[in-house]
Each structure stands twice: as structure tokens, then as C-alpha cells.
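Heads up, there are several structures right after this.
Two complexes, one shared chain (chain A), two partners (chain B, chain C).
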Partner chain A sequence: MTAWHASLRGAGVRRHQITAAATLLVWCLIPASLAFAITDRFADSVFALAAVQALYAASWDLLGGVSGQLSLGHALHFGCGAYLTAILAGLLRLPPVPALAAAAAGGVLLGALQGMLTRHLRPAFLAVVTLALAECGHELGGMLQVPWPGGLVFGGEGGIPSPLFPANEFGAARLAAVVLIAGVIGFVWVARSNLGLAMRTASADPQAAAISGIDVGRVRLIAFVLSGAGAGFAGGLIAGFAGRASPSMLSLDTSLFALAAAVLGRSGTILGPAAAAYILTAALQWVELSDPLRLTLYGVILAAAGLAAPERTARFGTFLFRPFRHAGLG
Partner chain B sequence: MRVLQDITLALASGESLGVTGPNGCGKTTLLNVLSGFLRPDRGRVRLAGRDVTGWAPHRIVRAGVARTFQVPRLAFRMTVEENVRAATLYRRLPWRARHETVDRVLTSVELEGFRRSEVRLLSQGQVRRVELARALATDPRLLLLDEPFASLGPGDVPEVLSAVRRLHAAGLSMVVVAHSRAFFEALCARVAILQDGRVVRVTAPGDLPRA
Partner chain C sequence: MEAVAQILTSGILFGAEYALAAVGMTLIFGVNRVLNLTHGAFFALGAYLAYETTRAGFPALAGAVPATVAGFALGLLVERFFVRPVRDNMLTATVVLLGLGIVAEEAFALLWGTADHSVPLSLPPLMIHRVVASVEQVIDAGAAVVAFGALGFFLRSRLGLALRTTAADPEIAASSGINVAVVRTMTFGAACAAAAAAGAFLSPLFVLNPTMGRPPLVLSLAIMIVGGPGSVWGTLAASLAVGLASTIVAYFQTAAWSYLAALVLIIGMITWRPSLIWNERGP
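Let's turn to the complex of A and B:
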């Protein structure tokens, strides 16, 4: 190899990395700009919700896209995070920060549980087990009755109340944007790290990973834990923004949303599913689809992705996120 | 159904042992037992005096055993460099040392020009060499090669054979499963002949019947 060839190749590597960094920067600026520049209450409430859903989708993508574990029950972490926050902040009067930390910790524990149960399962059985666990959570959430001060009892399909935080929509949009940016950067960092390489190798071929000295079970478990933390935190934020934790946050609808976002945004890139979730959530807020129609929409997206040529579905995301692919993502 | 029975083999440091036999006699099963993908019902597997019987494959790799597969097992949609770098992760090397290790093993199999190519775009011979590079990246003491020349075209065999011979010359212990007397003569001092799961004979490569 000549010196100029080596320097050109080195320049090529750096160009991809610079492009990837620039893409990440631009991506982060968009939700931040929307949240900090626009002061319309409805718009800010939409941006807050969209940012939280984007964080939730990014957390799923670390698990399903990077690590290849197609969980159909990601709502379990999200919904339990919401319920934990509502109970701790509403019933026990904890400040928002520790309540949110507890939501993330709850996501970690549930992720560890799911990961331990599924880490040696084949993909189809992993999907079934995660779906079953989430549906158990959904039904339990619907049955949960929490005694409240003053002789009240909250629960059932109506859920349980949570104190609103921050105090208004502007604060919610900005907090959500900051959390989204931090979360996405964190997940991208993991995906690009040695741990992310181990996850992708285990996803591509578990035997190839094992013969590379990678503890596949441990790597899969870590993916569940990190993903659960992100989803749990997102659920906690939703409870604070909505003023309520409800069984719908544990529903199949919520789980399929993450998959639909991953399919639209090209799973494995983190940014793609997060962007797709952000846009899809915002669009659905303005269109105001009913729950059954929303679930139908997610089903149509997933069916279309499965039936159409995968390359076509991924092309849009591939074009946008090619630098990240070269940088080792997706 | 007994696939292997009464197998007792010992390998000295730096030695290369060939394993051959008809299809279905248990050659790959033997390598699967040695590399942890199968647990024997009876008997022990020892590496440098340490009992590794029943260890998970990743633990046996970390103990110093690397292998290739009859049908290559790689992350085909990842690049050559990523596949090789993944095999250095458990060693917890500093970034520069990891980079140098990847460079060194890719150079040893003459694939440094393909480091950013996806494995699925390579020829069969190149794919075999990527597997070799990945195995070397784990810093093994023992290398298990499962039919490293299978499905190779005439143009690819010399590349792979050359890479394996360099490893042999460097003193790496090897167990090579193959069918060709010529390969054994180039690589091994002894060849174990398996039949119906048993070692029927251990002989010099020159005493093997010509194919």
C-alpha cells in the first residue's frame, strides 16, 4: 500500500465519521429548535409527547435493531415506568427527579427479568415471551387498584393520577427535547462502542459471536437492561406530562408503535426509528386517530414492510443514515 | 445413537494433527466437542492440563481454542474489519493494541485491502481467510480447522493453504479436518482416521490412501 493510498483511506474513514457526527448534530438540533423556539401550547405538548415517544423508539432499537432481539413487549418497561412514577410522585409525594430515576430503575429490573428469561431463546420464542409478559402487565395494570389519601381508590382502566411536571407545556417540550437528545446520543454511543459491536455480531450469528469469545447471553441481557432503562424513563416522563399512568401505556398498541417506528426509520440506526417515532407521533396528534385506527395503522405499516421488498422500505432511511452505517450502525 | 466413542487423542504444543474419515463418521462432531458447541456424555477435554469439558464456546475461546467451520460462520453483512475486531473484544486491549492486532491478522491472511468490504461480497477463498483471521485475532494456542478447503475453487485453494501453512510454520497447534492426503502432507505430522465415531488408526500422512 502506498503512502498516498493509506492517507486517502484514512481520509475516507474520517470523512464518514465527520459526516456521522454532523448528521447526529443536525438531528439533535431539530427537536431542540422546535421545543425552544415555538411557544404555542398545543404545539409544545405535541413536541413533548413526540420527543418521549422518540426516546422510547430509540430504546427499542438498541434492543431490536442493534442487538437483534425482536421484543413485542417493550410497552412493559414503558408502562411500568409510568406507573412507578405516578405512584412515587403522586402517592408518596417524591420529587420528580427521584421518581423518574425509579422509573428507569424499574425498566432496568424488568429488562433484566426479560433478558434472563429470553437470552437463550430463538427469535420466535423471544417475541412470544416478551409479548406475553407485556400482556400480563397490561392486564395487571387494568386490575390494579391503588388506595389514595382521602379514602379514594384509583386504578382500573382509568389508571392512576400523577402530578404534572414540569408546570406547563413549554417546560415539558424543552425537558423532553433535552432528554431525547441525551438519550439518543447515549444509545448511539453504545451502538458504536465495542459493546455495540458485540451486540451486532451476536445478532448476525450467535455462533460466530461465541467463537469470537463473546458471551452472547450476557450481551443480550445488557441490551435488555439498557433498553429497559430508556423505555422506563420515557414512561415516567409520559406520566408526568399526561398527569396519569394508564393501562394503555402497557398495551400492544404501545409495543407495536416501537416496531412500526423501527421499520419506517431503518432499525439498527437508532436515529432512524427515533426520527420516525417523532414524526409519526406528531402527525397522529394532529390527525387525532382513535385507538383502534392507530393500531390498525401500525399493523398496516408492519404488514407492508413485511410484504414489500425490504430494500425498498429501508431505502429512505438508508439514504439518510448511510454515514452511521459506515460508522458501524445498522 | 453414539456419534463418537472411545476417542482418546493427545496433541503436543506446536503439533498439527489431521483428522479424516468418511462423511458422517464424526469429524465435525469431534471439533464441536473440543470447541464447546457439544457436551460429551462421557470423557474429558483438557487444554494445557485444564479441564474444559462442558465449558461454553466463548469460555473455551478465551482459554485459547479457536476454530473455523465447515460452512463459514461469520457476520456476513458486517465488514471484514468488524468481524475480526469482534474477536478481539474479550481481550480488553487498548484501542491502539486492538487496531494493531486487527492490522496484523489481516496482513497475515492477505486481506488488508478488503478490511472495509462486507464479507458477503467476498469470494469463498476470501471468506475462509476472514474466518482464519477471526480465529487468529482471539490469540489462540490451538486452532481447529473444519474442512478449510471445502467448496473452494481451484483458484482459492492455494490462498487458503498458504495462509494455513504460515500459521503452521509459526508454531500454532492445529487440528485439521480434511479429506485430501496432499493437504495432510503439507500440514500435519499425524493423521487420525475416524470411522463410525471411533479412531481406527493414527498414521503418517504418507501412509494414507491416495484419493
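Let's turn to the complex of A and C:
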């Protein structure tokens, strides 16, 4: 390669890096400006919720999109983070910061558990195991009964209470925006680092990745752990914003929301699914639909998105469904 | 000894009924190459129709007739208008069906409300050597066994050959004169009918609400993968294993733990003994 070719290639790489950085900057400015510029209480509560859901979707995308491990049970980390925060901040009266740190740590531990159980599994089995683990969490969340001071017992389908933090909607929106931006920058950095490259290589061809010296199991485990930390932290925030941790945070709906955001955004980019989750959550909250209508609209959006853009959705699913291609009947 | 016999009887009956729901998922996957995430909604539809049947004064199992008819008709419509346009893209079809499943749950909430309903057992229980079984459940399991037997014979018939050829290689099937589109549509309809019938049969054992189809959907999906995607007999074996595990736990604990036990069993089967369940034609 001549020096001229090398300089051309270097210029191309630099231009690509500048474009990526500018895109990330513009992306981060939008939730930040919305949270810091608008001081309407309802709008801020909507932005807070949207930012948390975007962080959750971004954390899934590191695992499912970048690392190619299509988890159908991401709600496990989210719900666990919410429950840990509610118990630590509500029952044990810990301040929010250590409670949120514990939520992230809970997500890390569950991520490690999921990663250990699934790192050698083929994609379809991984999807089922993550789904089954989250369903276990959902069932246990529904059965959980926590004795509270004053002789009260909280739990069951009603969930358990958490102290509200920050004190108002403005604080919640700003905190959520800052956390979202930090989380998204972190996930994008991981995705573009050597570790991210190893994740993509292991996703595209595990055998080739192993031959080239990548410890595929370890890389997959790290993806689960990082992703779990993000989802756990997001769950902790939602418990503080909503004042409650409930089994619905561990439900199939919550897991499928991340998948839907990945389908609507562009999976593997981190920014796309996070933006889709942000817009979807904000739009559905903004129009103040009742829960049934919101879910109906959510279902219609999913079906319509699939029918309108089949090719894009299909590219995303190639990895998950490749092993099924030769299924027969017998 | 009587307890063991009771657990075995209940577990096999329960597993046979679950197999009816799970085999529909397997059939659709084998022939249509689509994960039918509306399966739970069809199950719930069957249960609600059984509920309406009991309100009209008939036993719950009579609800299997309208459930099968409605499941088949709606299954045909879903295949024609929502699956066929996106069939080439498996995930797209899955996402579309997920959206439809959510819409269906909200439709159930609109029609029957969000409150819980229950379906009573109207026939007296059967007692053989101190082993008790509900007559309805025995009939339901018998119907499931008959359905499986019929499916086994069907798969070996001339029409069944068309089905198996379509599942194995749609292009070869089409070049040999098989109308692949019709086979796929009819299979989808029949599988949805089976899910709705299973919902009607199992309705007395469930609390009816709009989201009641989710555990059967999760279990059907897991049973299909554990049994081997596309393997009808593997599905039956996995269903019986799940049925027995659920019953053993429900016997010693509360019923709520039985779903957990089934999930733990599935996780264990996949993570600890994968060589046993990896189907050479599947993943």
C-alpha cells in the first residue's frame, strides 16, 4: 500500500469518526434539551419515563444487536433493579444513590447468571432460556410478600412501594436525561471498541471468532453483564419515578418492548433502538391513552411496522432464525 | 403409592392437553417457518368460548366445538392477511403476529372485561382405585390422544406427504404440483384450531383473563424447542414431561409453583443436557 493510499484511507476513517461523533452529539442534545428547557410537570414526567425506557432499549441492543444474543427476557434485569431499589430505599431506608448502585449490581449478577447459563447455547435456545428465566422472575415477583414496618405486608400483583426520587418531575427528567446520555455514550463506546468488534465477530461467526483468538464465551458473558447493569439501573430509576416496583416490570410486555424498539430502530446501532424507545414511549404517554388503548396502539404499530418494512426487520432476525432454516416435520 | 398413581394420572392428562396446544406451534413452525405469537391468544379465545358455552348451560368441553371452528376460521384469516405478505421474512412475520397477539388481548378485555372468570366442571369426578380424575379432563385428554393419532395417520397419508414435503422443501413441493400456499394456509388454520380447542379443554384449570394465553404461549414455545422444532412426537414427549413436572410440584406446593417448575425444567433441559435435545434438523 502506498503512502497516498494510506492517507486516503486515514482520511476516510477520520471522516467516518467525525460523522459518528456528530451524530452522537446531536442525538444526546435532543433528550438533554427537552429535559432541561421544558418546565411543564407533565412533559417532564413523560421525558423522564421516555429516557429510562430508551436506556433500557439501548442496554438490550448491546446484547441483542451488537453481541447477537437475542434475549427475550431482558425484563429480568429491569424488574430486578426496580425491586432492589424499592426494597433498599423503601424498607431499609437507603439513600437513592446506593439503592441505584445496588440495582445496577443486581442487573450485573443476573446478567452473569444468564450469561453463564447461555454462553454456549445456540441462539434459539438462548432466547428460550432468557425468556424462561424472566418468566420465573415474573412469577416470583407476583408471589413476593415483603413485611413492612408497622405490621404491613406489601407484594403480590400490587408490587411494593418505593420512595419517590428525585423530589419532582423536573429533577426526574434531568436525572433520566443525564443517565440516558451517559449510558448511550458508554454503550456506543463499547460497541465501537475492540470489545464491540469481538462481540460482532462472535455474533457473525463464533467458530471463526474462536479461531482468531477471541474467547467467545467470555465476550458473550461481558455483553450480558454490561447490558444487565444498564437495564438494572433503568429499573431502579423507574421504581424511584413511579414510587413502586411491580411484577409488570418483569413481564413479557417489558421484554418485548425492547425487541420492538430494536425492530423499529435499527438494531446494533444503540442509537436507533434508544431513539425508537424514546419516541414510542413519549408519544404514547403524550396522548394520554388508557392502558388498553395504549397496548392496542402498541400492537398495531408493531404489526404495521412489520408489514411496512419487512426487509429491514428480516435482516435483524437472520441471526436468531438461521438455525431453523431446515426445520421439517417428523 | 396412590399418590404416585394420582400424580402420574394427572400429569399425563395435563401433558396430553398441553401437547394439543404445543403441536399447533410446531406444525406452524414446520410448515410456515413462522413463530406464531398469536398462539396464546387462540388458546385464550378457546377458553372464553368454553366459558360462554357453560353460561349457556352446556359442559365446558362442548366449548371445544365453537372454539375449533372459530380458531380455524380466524387462523385462515390471520395467515392470509398477516402472515402470507411477510412470509419470506421470518422475524417480520413474528413481529406482526406479536402485534396481533397484543391487539387480541385488548379485544378480549373489551369483550369480556379485565376481571377474572372461571369455568366450572359440570360432570362428576371419576374414581378408579382411589385415583381421582375429572371426567372432563379424561375426555379432553382422550380427544388430544385421538387428535395426535389422527395427525400421525394424516402425516403418513397422501395429503400428509404434501404437508411433509412442503415443510421439508417448499420449492420441491411446488415443482411436484403441490399447492404450497393452500397447504400453508390450511396448516395455519388447523394449528390455530388446535390451540383454541386446547384452551377450551383446559379452561376449567385456568383463571380466565385477557392475558391468560401468555403462560401457554411461553410453554408451547419452549416445548416446541425442547421437543425439536418441527418434531411432532418430540413435542408430545416434551409436553408429557412438562405436564408431569407441573403436577408433581402442584401436588406438594401450590398451583402457582407448577408453572415455575415447568420453566425450571425447560431451563435445566436446555442448559445441562443440550446434546439430548438438539434435533439434528433443528438448532
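Note that in this section the second predicted complex is superposed on the first by the 280 of 330 C-alpha atoms of A that agree within 3 Å, B and C clash if a C-alpha of one lies under 4 Å from a C-alpha of the other, contacts with A are read in each partner's own complex, and residues count from 1 in each chain.
Throughout what follows, contacts are C-beta pairs under 8 Å (C-beta built on N, C-alpha and C of every residue); 3 or more make two chains touch, one makes a residue touch a chain.
Every value quoted in this text rests on a predicted model; they were computed, and no experiment measured them.
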{"item": "Chain B versus chain C as contact partner of A:205, first or second or both or neither", "value": "first"}
{"item": "Contacts of A:42 with chain B and chain C, given as first, second, both or neither", "value": "neither"}
{"item": "Partner chain(s) touched by A:189 [first = chain B, second = chain C, both, neither]", "value": "neither"}
{"item": "Dominant contact partner of chain A by residue count, chain C or chain B", "value": "C"}
{"item": "Footprint overlap on chain A, where chain B in one structure and chain C in the other make contact", "value": "328"}
{"item": "Contacting residues of chain A [partner chain C, same complex]", "value": "117-118, 120-125, 128-129, 131-133, 135-136, 139-140, 142-143, 252, 256, 259-260, 263, 292-293, 295-296, 298-307, 309-311, 313-314, 316-318, 320-321, 323-330"}
{"item": "Touching residues on chain C, where the partner in the complex is chain A", "value": "27, 29-31, 33, 82, 85-86, 88-96, 98-103, 105-106, 109-110, 114, 155, 163-164, 167-168, 214-215, 218, 221-222, 225-226, 229-233, 256, 259-260, 263-264, 266-267, 270-271, 274, 278, 281-283"}
{"item": "Parts of chain B lying in touch with chain A, wherever the complex brings them together", "value": "35-37, 56-58, 61-62, 66-67, 69, 73-78, 82-83, 85-87, 89-91, 112-113, 134-135, 137-138"}
{"item": "Partner chain B, residues of chain A touching it in the complex", "value": "1, 194, 197-198, 200-201, 204-205, 207-216, 328"}
